[in-house]
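Chain IDs A, B, C and D follow the sequence of writing; residue 1 opens each chain.
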Amino acid sequence: MGRLVSGAVADDPELELVAAVARFSAEIPGLPVRVSTDRHALVDAGARVVVDFTNPGVVMDNVRWAIEQGLDVVVGTTGIGPDDLEEIRSLVDARGGGHGVVVVPNFAIGAVLMQRFAAEASRFLPAVEIIELHHDRKMDAPSGTALATARAVVESRNQPYRGPEEESVKGSRGGDVEGVRIHSVRLPGLVAHQEVILGGPGQTLSIRHDSLDRSGFMPGVLMAIKEVVKRPGLTVGLEPLLGLEG
Amino acid sequence: MGRLVSGAVADDPELELVAAVARFSAEIPGLPVRVSTDRHALVDAGARVVVDFTNPGVVMDNVRWAIEQGLDVVVGTTGIGPDDLEEIRSLVDARGGGHGVVVVPNFAIGAVLMQRFAAEASRFLPAVEIIELHHDRKMDAPSGTALATARAVVESRNQPYRGPEEESVKGSRGGDVEGVRIHSVRLPGLVAHQEVILGGPGQTLSIRHDSLDRSGFMPGVLMAIKEVVKRPGLTVGLEPLLGLEG
Amino acid sequence: MGRLVSGAVADDPELELVAAVARFSAEIPGLPVRVSTDRHALVDAGARVVVDFTNPGVVMDNVRWAIEQGLDVVVGTTGIGPDDLEEIRSLVDARGGGHGVVVVPNFAIGAVLMQRFAAEASRFLPAVEIIELHHDRKMDAPSGTALATARAVVESRNQPYRGPEEESVKGSRGGDVEGVRIHSVRLPGLVAHQEVILGGPGQTLSIRHDSLDRSGFMPGVLMAIKEVVKRPGLTVGLEPLLGLEG
Amino acid sequence: MGRLVSGAVADDPELELVAAVARFSAEIPGLPVRVSTDRHALVDAGARVVVDFTNPGVVMDNVRWAIEQGLDVVVGTTGIGPDDLEEIRSLVDARGGGHGVVVVPNFAIGAVLMQRFAAEASRFLPAVEIIELHHDRKMDAPSGTALATARAVVESRNQPYRGPEEESVKGSRGGDVEGVRIHSVRLPGLVAHQEVILGGPGQTLSIRHDSLDRSGFMPGVLMAIKEVVKRPGLTVGLEPLLGLEG
């Protein structure tokens, strides 16, 4: 992911890649900078924004350090909980001076739109089921996106809904999240897909996202980099950057 | 359609069916009123709202008459053009007194949402194609909904888009509406379906509406009847009734 | 179903409707015969083939009677078990003379093909999951067709297959039939649909059947009527009539 | 493709990679042999089977040479026409001794099954349309697979079929191949997909193949290598290797 983001930044005419940091130092063909193992390379190179795709164990230490250094920060690392968000908000507000942090759990614009549209439509079509389909190396089920979509639907719809629950083979009606059934398919040859089906009398509305590879995240990452410098304080999720209120 | 709407109104606890008008007088099992051939039956019965599902040749005459009679009007008949809308607006405004007319080209909530979501998503994913699938007795192609969706996408997206245009078999790339390709499938066994596919690097977002029969229109019709009495002047489309701005 | 079959027979240029039997006597508009309550009306009218769409409680008595009367029989009623099939085989063989009985659990040609193709493909792509989607008034899950498809896949594939089983929400991985996961979706606006997805490295193959209404059964019923007179003895399923061996 | 096939052969426990030939000599990490630029390296290394993924300009010269050398040959290169097949058949038959050549236009097992199932089903459901969807860098339309599928359907169905032809936007009804309409979608985010929809009264049957990347070809390539040594003479297509007659 680091290499992909570095390349995307280097290729963007509005951005400049001034430093790259990883666990191993390296010369990457096509990248204008040498990858360093020391995060101070970012400060030395005069970076304005730092993008963190590391891991849950180190991300908060990186964010604290970056805020202290006066860098704007885009966080794509998973595992940022509500307490972490609270801490980030305090740190960035305490520093003042208009610095920004953007934390994005999902950079795929299509997935964000799917979730939003599903929630909006469930106000009118409260009967909703989710089918998520992933490759057979994904060991957990349901996916995080499916759970987040189900919760968004439950919050948005004005009336509760429960479909039929009878099953002669245990599990065939899927997993239940407050009346939203989730069905997790795992097969070789799949990548990452989700379909939300909303039903009403005489009609269904289906919203589906198919993700091919991580290149689908790059437009979201580049947008976050360009936006964080204009947004003091903490921003969570891609929606506000997309101009989608709520 | 008239029978279906009459039944839906009769069954709704918030509404009362006081009269029904058609070309032929009839006693319909399950309907609390006898179908009359004279539209004055509506006035005699003390109707507050009249719903028009007639045909393009007579609808405007009906609307003029209903406004004159001080009735609120819901129009589901097709063929209302921009000039007709202008005339209705003048008539209803001239009458004052808070009377309302709601003109709805498509009562299927799912279809309205599909069109709206497609337009919204095309701001971020400007490459869009439409596949619409209908039974083989539908003789025109593309469908009105497909054309309306294409126009909504063209207006919404910030940047024009053109996909590849080369074809070795004429027509295989579909019909072109300002860069939005429309593909019309006609097969027995289909009813009325439309899928809008939006593509970006590494991902696609698909929004699909499947319509089973005209029962899918009833929730929209009932909503329009309940809303028209609260909305003086002319209202066009289901969106404002759904609380969807734009 | 009886009315639908009677109409289809009456409309077929190769067939003639000579009698119709139901629980209530009736004159049906469009049918050339009056519906009788007495099955002997079939014999009196000189019927050659009788079609039984009754119910599990009476079907076997009807079949015994029809064989005794020397009628060829098409059975579309559900609930015919292996013992019943054995009895029918004995009866029809004992009678000799080339009489035939065709028992068909599913008259939808598309569903029969889906099942057959899924089984055939699973020899090469052994990783299979089934998604079946029905209206929310269907109270049992999974559907009979889904269970039959799963069993056909299990029998056909040369190697067993098990996908990931971990789930954080119980039931999300679906119902398990010997390694074939079945996911049952129940929503208003759906009719009767099933998709079989087979996955292998880098590819998936999906086979989907969408059933709109019982009119989809008529071609299968008419074919069974025309074939039963040429097939002495017991024939089970639409496959042999379609010329599909196995 | 050469690298992918070499790796797959090297990884297969039943096969041994003894030589690899390309336009440029190279040492490939993970491959047990050095890539040579001279095809005689295959003979020197004692190869039994040679796999050709080159290009239409050189493939026939390679095949002639390999037959002369007594090698069995698997050809995956495109552009082998009917005259080429005739020549290969003569050469291999003339040589006698049980040598074999397998020419495979499409190594994706799922695509081969899709085509076969579509043709088989069209005997019962003659109304067929094809939607093929590819990334926006594919410049020709329709795809070769779509054209081959259409031709297979036309040959297989017992009765001709033509759907509605009226269009208000030119091209919306797709490209026409003897009554089979082909719709070619081109969007970023897609890879290579095809759906064949067959319709009949009250039902549709859809067969869809999704291809993720060329790894989906490897099982077919490995099967062809293992089978060619058992099949003297010319074999065309994956079907006979899969045990699918016709």
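The working rule: contacts are C-beta pairs under 8 Å (C-beta built on N, C-alpha and C of every residue); 3 or more make two chains touch, one makes a residue touch a chain.
Just so it is clear, the structure is predicted and the values come from calculations on it, not from any experiment.
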item	value
B-C compared against C-D, more contacting pairs	C-D
Chain whose average C-alpha position is farthest from subunit C's own	A
Copy pair subunit A, subunit C: interface residue numbering same or different (half cut)	same
Between subunit D and subunit C, distance of the C-alpha-averaged centres to the nearest whole Å	36
Whole-Å gap between the CA centroids of subunit B and subunit C	39
Between subunit C and subunit A, distance of the C-alpha-averaged centres to the nearest whole Å	47
Shared interface positions of subunit C, touching two or more other chains	189, 198, 200-204, 210, 212, 216
Residues of subunit A touching subunit B in the complex	108-111, 113-114, 117, 120-121, 124-125, 198, 200-219, 242
Contact footprint of subunit D on subunit B as seen in their complex	127-129, 131, 133, 136, 138-142, 147, 163-164, 166-177, 181-190, 197-204
Subunit A contact footprint on subunit D (complex, rising order)	189, 191, 210, 212, 216
